[in-house]
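The following blocks contain the structures, represented as structure tokens.
Consider the two complexes below, in which chain A is the common component and chain B and chain C are the respective partners.
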Partner chain A sequence: MSVLSKLGKIDYRWLYITSLILTAIPLVYPIGLSVTLSQPVKDYYSAIQDLPEGSVIAVSFGGSASLLDEQEAQFLATWKTIFSLGHKVLFYSTTEDGPMILQDHLGDKVKPEDYGYTYGEDYVELGFSPLGEPGEASFAANIRGVYAADKYGTPLDDLPMMVDINDYSGIDLLMFQYTACTSIEWVVRQWSVPYQTKVIATTLGCCGPMAAPYYPSQIEGFLSGSGAGTELEVLSGNPGPGAAMSDSKSIGILPQLVFIAFGNIAYFANKYMKKEDDQ
Partner chain B sequence: MATLRREIPKFIVMIFGLFMLLGSFTTIPIFDTIKAELTSWTVTISAVSVWLGAVYASYANYRLYQRNKKEGIEHLIYFIVPFVVFGLQFGSGILYGVESPQYRWYFTNIYQNIGATVYAVMFFTLASSAYRTFIASSWDATALLAGGIIYTLRQIPLFQVMIPGIVGAGEWVMLVPNVGGGRGAVIAAALGALALGVRTLMGQEATITEGG
Partner chain C sequence: MAGIMELLGMALGTFLIFSTLSMLYKDNVFFRVGQMAVMGSSIAHFILYNMKNVYNNAWTPLMNGDIMMIIPLILGLLMYTRLRRSTAWLARYPSSVLVGIGTGVMVAGTVSGQILDQIAVTMTDVLNWNTSGGSLINAIIIAVGVVTSITFFVFTKEHTGVVGKSASIGRKFLMISLGANWSGELVWYLTQLVGRLMYIKNFVTALMGG
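Presenting the complex of A and B:
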């Protein structure tokens, strides 16, 4: 077996260990690589920024604690952007983890009160409901049909911000957060198409290609993965956890690319040698 | 009896499906109200189905363990551990409240980390499978390899700096060939769903009562 052929049979553990080491290095010694902004991220930011002050943004929050590392930079930069522009926000969670993540974010990391917000007047948290697509449809048609009270048990009619809001017509922009790639279709079918509601989306890196077919017609912009979170941090001027993660991704992916190259070199070497033997 | 078990679900689906269609395609207020009411029921049904799923999964694992006690020990673990975790979560929620520091400690330091670890372990299988399968062995595989590599490089800041034009190339991959293929797939799936819906409403779709 030639040296080139052996490149296709390297013990996987070398790939694992080199990736782990290279991923860890930037966490200890940050590199600070520059970030290039992509169009979906720019449009996502513009959709929030272009709203008149005091507009209502509904956040359909389907965050997952297990996948938070991939998305936390997106969330924190988004909350900071929204609060700094003075928009009203209506949070509702579609996953069990959602309320806990929001509690951590709004209670500690990005407190709305630090931006002059008052609960009930400028932002409301509705808590968890297992909505799914029919639930999103129901929410868009009649919010009180799904949530009679907020997460603290206060009837929605007692919250000043909610007095005039009971369906899609009170929502100026919907931010749809999801982690199951095909869920993007829910918001297209239940918000964008029937009510022409403006929608932006945040999701995992692997789900970006499935959101792309709906951009920019039904979805005005989207963030996919921690890289997009870093871009939003840069674009909005709100630094966060995305930068360190981008450095780690940059370096940690190198062994995988090298191994893919090795696999291809070995394949063609074997093919060439087989041809030689046949002749 | 078997006929009733088949026909009643079909009849329910047909009636409710008809109401949903009338709510969507007519302007008669009563159908709109019925549609909104039926849609809101799904939230309750979803909540119940979570419990039903937990009961089914537990029962299935218990049965698998009973069948083979020697080698089916993992099924016993799958059966017991969810109850332990549920007890911990429910207990801390009841005792201290889900907003309490105790519950948040449990959520942040145990639940979140275990979940993240499970997903992180996937890296190893994904990395080794990419090494084995991302081989330019045919035109199809080469297209997959090229698209995957360009999109990956576009996502990584290091290569955005090192390779001029990779950002544009990566966006082109995502927003042109990916969108074209994606839209085709979505339209095909929608047509398929439409056909399935019509068959279901006509009571011709056996899978709704007999399993897929």
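Presenting the complex of A and C:
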């Protein structure tokens, strides 16, 4: 068997074990590789930063427990950025896990009260509703039609922050957080197009290419994957889980790149040699 | 310092992580136990949250006199008729309503936001005299990519001549696009692995009193 044939038939478990080892090393011995800031992340940050103090940001929260490793850096850096700028925040969860994750974040990791926030006056949590696209459309048209009360059962009219917020017109920026790649289309169709609402988005790394066509014309900026979360941490000066992950991802990806290269070389070389033999 | 309950929770989480990763070697009983535990708890969580949602948004208003809420409740219940073959046809009604509303809500925004606006932004930079240098090259690549990729999906004309050439170039663009998607997916999986390794590291640190 030739060297190339052997390369093409390496047991895939070697890939797993080398990836595992190389990923684990930087967690124990951090390397501190530099982070390059991308334009969509800079624009995402600017969209929040450029709002006048006290502006209302609606967060369509699509956090998922099973995807949290990919999302958490984005979330925590975003909450810290918003709270430090003094914007009002209206959270509504579109996933079943959303309220649980928000409870962990706002109740423990980034407490709004530490930034001088008061519940009901500066931020409100509306809880979970399985909105989907029609739900987003209804929410934009009439918030009380979807949520009559907040997640604690308090009628929205009894919350000082909500007195003047009835629909899209009371919202200065929509932050759309989602995990199903095509969901970005919902926000374009139901917020950007009919109301020209300013929109920013956060999503998984694999969904970034599907969000890109809408940037910067319909969404002002977006975070794609934990790498973008790390960038936001650096940009906003709020270190978090993304920074700790960054080295491991950069090193852990190396064996995969090597295996992809070897696999392709072996494939094409075998194909070429077969052709030669046939002739 | 972590309490005993927190340590127990972290130990269970670590066990489930190792159970899941053991599949990389081969299928085994620990993997199946871990898989079923995660699926079972997730499904229970989802069912409870959605039941609560129906209770809050439909049942409670109905009990308070909002009689219109009977409509979504009945439509929702009709979904369960598909559990019996003889009544399964009734489930078509709520499905039709869902499809109808979904399509209606979607159409207006699609034409404007995803067709007209996207065509406009694709061509604006190419046709703008002020675009130069890297931006112009980017704009041209995007425009060529869009046009040739669309040609790839033209099935009413045989892919020969100019159309064939264009479709062939479009195919390359599509492959690059799928590659970009896949690389994002690869990094995502790696992120999940890093996250779980960090969890294990935190557990070991907590176990040692850190």
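As a convention for this text, the second predicted complex is superposed on the first by the 274 of 279 C-alpha atoms of A that agree within 3 Å, B and C clash if a C-alpha of one lies under 4 Å from a C-alpha of the other, contacts with A are read in each partner's own complex, and residues count from 1 in each chain.
Quick note on the criterion: a residue touches a chain if its C-beta (ideal position, glycine included) is under 8 Å from a C-beta of that chain, and two chains touch if they have at least 3 such contacts.
Every value quoted in this text rests on a predicted model; they were computed, and no experiment measured them.
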Partner chain in contact with A:Gln103 - chain B first, chain C second, else both or neither: first
Which superposed partner A:Ala24 touches (first chain B, second chain C, both, neither): second
First, second, both or neither for A:Gly263, with chain B first and chain C second: first
First, second, both or neither for A:Ala141, with chain B first and chain C second: first
First (chain B), second (chain C), both or neither touched by A:Ser248: second
Touched partner set for A:Gly225, first chain B, second chain C, both or neither: both
Which of chain B and chain C A:Leu131 touches, first, second, both or neither: first
Contacts of A:Cys207 with chain B and chain C, given as first, second, both or neither: second
Which of chain B and chain C A:Thr36 touches, first, second, both or neither: first
Common ground on chain A, meaning residues reached by chain C in one complex and by chain B in the other: 16, 19, 65-69, 99, 129-130, 132, 134, 137, 185, 205, 208-210, 213, 225, 227, 249, 253, 256
Chain A partner contacts - residues on chain B that touch it in the complex: 36-37, 39-40, 42-43, 46-47, 50, 98-99, 104, 107-108, 111-112, 114-116, 118-119, 123-124, 127-128, 130-132, 134-137, 145, 149, 151-152, 155-161, 167, 171, 174-175, 178-179, 182-183, 186
Residue ranges of chain A in contact with chain C within the complex: 13, 16, 19-20, 23-24, 27-28, 65-70, 72, 96-97, 99, 128-130, 132-134, 137, 148-149, 185, 188-190, 192-194, 204-210, 213, 217-218, 224-227, 241, 244-245, 248-249, 252-253, 256
Complex contacts: residues of chain C adjacent to chain A: 24-25, 42, 45-46, 49-50, 52-53, 56-57, 61, 101-102, 105-106, 108-110, 112-114, 117-118, 121, 177, 180-182, 184-188, 190-198, 201
Chain A - residues contacting chain B, complex: 12, 15-16, 19, 33-36, 38-39, 64-69, 99-100, 103-104, 129-132, 134-135, 137-138, 141-142, 145-146, 185, 205, 208-210, 212-213, 215, 225, 227, 230, 246-247, 249-251, 253, 255-257, 259-260, 262-264, 267-268
